[in-house]
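Paired with chain B in one complex and with chain C in the other, chain A is shared by the two complexes that follow.
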Partner chain A sequence: MGRKLFALIFLTFKEGVRDRALVGVGLFSLAMMGGSVMVVNFFMRELHKVSVDINLSAIAFAGLLLTFFVSLNLMSKDMDKHTIYCVLSKPFSRTQYIWGKYLGIMFLIFIAFCILTLCSTATIFFIKSQYEVYFKEFSWLEFYKAIYAQFLMFFILNAFIVFYSTITTSSFITLLFSISTYIAGQTIEEVVLFLQSSQAMEMVMSKTIGSIIGIVQYVLPNLSVFDLKVRSAHALPISFEYLSAITFYCLIYSSVLLISSSLIFNRRELK
Partner chain B sequence: MKQTISLSCFLIISMVSCFFVQQNLSEKREELLKASYMAYTLPSKITGVLALEFKGIVSDFLFLKTTTFFGDKFIKQESVGEKQADYAYESIKIVTDLDPWFWDAYLFADMLLTWDFGQIDKANELLLKAKKNRTWDFKPAYYLGFNHFYFLKDNKKGSRFLMEASKIPGAPSYLTSLAARLSMYENQYQPAIVFLNEILKTTQNKGLKNEYEKRLKTLIIMDKLEKNVHAYHAAFNVFPETLQDLVDKGIIESIPDDPYGGQFVLLKNKRVYTTSKMIYKRK
Partner chain C sequence: MIDISIKNISKIYVSDFKCKKKTAVQNLSLEIEPGEIFGIIGRNGAGKSTTLKMIMGFITPDSGQIFISGKIPADPDSRCKIGYLPENPYFYDNLTARELLTFSCQASGLDQKTSNQRIELLLKQVGLFAEQNQKLRTYSKGMTQRAGICFALVHDPDIVILDEPMSGLDPMGRKMVIDLILDLKKRGKTVLFCSHILNDVERICDRVAIMDQANLKGIYTKEQILENHGMEELFLKIVQQNELQAK
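Here is the complex of A and B:
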């Protein structure tokens, strides 16, 4: 079973590497990181903050592009081109197919993250060597912690891509649902915090809406918990307890989505 | 072949036209920006949501936009009024809502709002926000102290902020002395005594410790002398003219020596002061 799964992971990864969009995403991120060398000159003192902001945003943006274009393509291509019949005729179970695809995508994102982390390290190292005096409030450890947290977010987001691919027949709908989930996941915390604020307490809101939002906040993933970019830019310490909490959250949430996807995909009639 | 030549000609003509069109567009755009450039700010409730997980980079961009706007105004020596001050305040408020630890933004707003627009309250409001978020940094409290001393002439509050700043690890050692010295200008020796006592508990450096002990000793003497002045008033229903009156009436044995080498004097407002101003006359 393990060998079959590894074969699927490797095949998905290989297929992903062949995607030309990958080169575009890579070049865009590198240009953004390179641009940070020039942009920091426009700021007064907190050059460390600006360079970390730009580099972490470049990594996050590259991850999003990979997820919404490369991952989605890898998931939906088999369905759209009907190559799924060919794949499933091999001695794989449908569950193995789902997990293999997902882990293959995550392996691709992991390699992309490694390369981007290496590039951003080089960029920041260069800026730091030029403006050492402005990097007193900078910490490599916090910088890497933020990248780790960012990577965790893509576990959930890609699990959603897999989940939506199993319940929809069109890649466009999967894309639409995934982007909506991402936006909702990033903003749900702010909405809930606003509703808990004294300003919102004064507003007359129906009980139904209140309870709907209460339920939604547990159903939707809270993706903002993985956003440690601003904290990392100021080298504010992030505890290992927090990191383990978000790691467990990510693993549990992704597992729920993948198990659901497997169950749905096992029962799905492929036409 | 004919088609390639004609296409090449069209390409050259298009490129030349593009250059002129772009030049014209730049002029028109400049006129447009002059009339309405950044005369608006989106509330942070909206900006924060729209920024998604890119709040840091959005705050950088908004801050850059604000500094460029004012930088350009100052270079061109264009007049700036209340409208621009409001814009600066609102803009930095949003920037610091997106990134509450962004010190460059706070400092920029402080410099602009105090020196250029005279809006000290707004500058202090932003500095208080900085102080609340940058708990490890002495600078917000230090600038708040400065604003109170220099602009608001509120020595009492200024001294309090400087004291707070000097307690934060990493604050320059001179802040301690400065806060204690400035406290002399208001009726508040006692807070300075408490403050210096606290600082002394955590001071390891021998030289600094000696300096603080000397300052503390002076403040305690002045505090005691003031209490004696009030005791004189309670006993004789009149304030003494000089400190020598306290000696003459037997309230104190003699006027104590100022550890800094100056002389204690009684001011017209019946406050005890020292001619050394607590500055040690080094040989």
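Here is the complex of A and C:
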């Protein structure tokens, strides 16, 4: 059972790691990080904030490109081109298929994050050695905590890709749903906070929309809790309690999505 | 024990938006004995591939039952000893044939030594040994079909299900597939396959089922086929009779 699942995880990883899109994503993020060495020269102060912000943004952007192009391709192509037959003709249950594919994708994202973290560490290290005076408040620990939080967000986002792939028949619809979920997940907290603010209280809003937003805020993931770029750039301490809470939130949310995906996929007809 | 037992299965496809219904398979029953080569022939849309997909558990029948060595298709263990080649197989582009076959062996629980032996043997048999480390996206249709045949056979299954195995193959490739199927029979394996190439079906099958418009029209032994002046004659007779009845 373990060996079989490992074979599927490794198959997914291998197929993903050789995707040509990965080269583009890698080059783009490395260029962004390398560019940050030049860009910080244009700023006269707070260079550490600029370099941390650019590097964390590059990692997040690379993660998003990986998710929306490589991960989505790994899931949807199986359905579109029927490569799924070659996996399911072996003694895999559909639940094992879902988990094997997801873990393979997450392994790919993990390796990508490790490489990007190494590159951004080198970039910041170089900038720090050039402008030591601006990096007095900088903390490597907070920087890595922010990268960890970003990585957690991709657990949820990729679980959504798997979930949407099981309910749709088109990769385009999966892409559309996933991007919408990402945007909504990033902004839902701001929308809710705005509606609770005194400015919004003066607005006339239909009760239906209010209650829809009320439901949506609990159904959609709050992805903004994983965005710790600003805190890290300002070297504000991120508590381990907070990290534990978002880890727990991520694991629960992803597990619920994957269990739902398995239940739906077990009933799906693979024509 | 009977290797594959199909009892009164039916399947109706419902289109997503218009809710239009189309009967793919109607009340089909058949039994395939161990060590038998069983062919299913029929026109396009007769229900051949749907039947094979139901046996593999990709599609669930609306009614009826399927047993593979006593197990239902929903049970992953039912596929432990099955090798399957889909119609127009498509594999992972970025993998090599060797990697694909290694996955097939690992998923089927073969140890590494046996896997390597089986992979080499089959790659040589289908003529892909020299191209084993090329990515599958560089393969032609015929080469992909050969890789698919290896994928289905590499774990030495007891039951082999092939959907249009000759599709996309040149005459040499067709001969190779026929030799492989006959070799499987010699080794006591059960083979179930669909094909449009009636000469090949007549040559290698012990029994042939003819399907038309979602229904089984009959199961014929080699002798019965010969009595009816060959497979082509028999098939055309049955299809024409069916068309006349429909009118």
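Definition applied: the second predicted complex is superposed on the first by the 271 of 271 C-alpha atoms of A that agree within 3 Å, B and C clash if a C-alpha of one lies under 4 Å from a C-alpha of the other, contacts with A are read in each partner's own complex, and residues count from 1 in each chain.
Following the convention adopted for this analysis, a contact is a pair of C-beta atoms (placed from the backbone, for glycine too) under 8 Å apart; a residue touches a chain by one contact, two chains touch by 3 or more.
For clarity, every value in this text was computed on a predicted model and none was experimentally measured.
S.K.: Considering only touches as defined above, state whether A:44 meets chain B (first), chain C (second), both or neither.
M.R.: first
S.K.: Which partner does A:7 contact after superposing on A: first (chain B), second (chain C), both, neither?
M.R.: Second partner only.
S.K.: With the two structures laid over each other on chain A, which partner does A:81 touch: chain B (first), chain C (second), both, or neither?
M.R.: second
S.K.: Which of the two partners, first being chain B and second being chain C, lies in contact with A:172: first, second, both, or neither?
M.R.: A:172 contacts neither chain B nor chain C.
S.K.: Is A:126 in contact with chain B, with chain C, with both, or with neither (first, second, both, neither)?
M.R.: neither
S.K.: Taking the superposition as given, does A:270 touch the first partner, chain B, the second, chain C, both, or neither?
M.R.: Second partner only.
S.K.: For A:224 in the superposed arrangement: first (chain B), second (chain C), both or neither?
M.R.: first
S.K.: What is the contact status of A:91 with respect to chain B (first) and chain C (second): first, second, both, or neither?
M.R.: Only chain C; A:91 stays clear of chain B.
S.K.: Under the contact rule defined above, give the chain A residues that sit at the interface with chain B and also at the interface with chain C.
M.R.: The answer is that chain A has no such residue.
S.K.: Contact residues on chain A for chain B in the complex?
M.R.: My answer: residues 42-46, 49-50, 52-54, 56-57, 60-61, 153, 182-183, 186-187, 190, 194, 223-224, 226-227, 229-230, 233-234, 236.
S.K.: Inside the complex, what are the residues of chain B that reach chain A?
M.R.: 45, 48-49, 52-57, 59-60, 63-64, 67-68, 98-99, 101-104, 107-108
S.K.: Report the residues of chain A in contact with chain C in the complex, numbered from low to high.
M.R.: Touch residues, chain A against chain C: 3-4, 6-8, 10-11, 14-15, 18-19, 81-83, 85-93, 96, 269-271.
S.K.: Using the touch definition from the top, list the residues of chain C that touch chain A in their complex.
M.R.: Its residues touching chain A are 13, 53, 56-60, 76-80, 82-84, 86, 89-95, 99-100, 103-104, 106-109, 135, 151-152.
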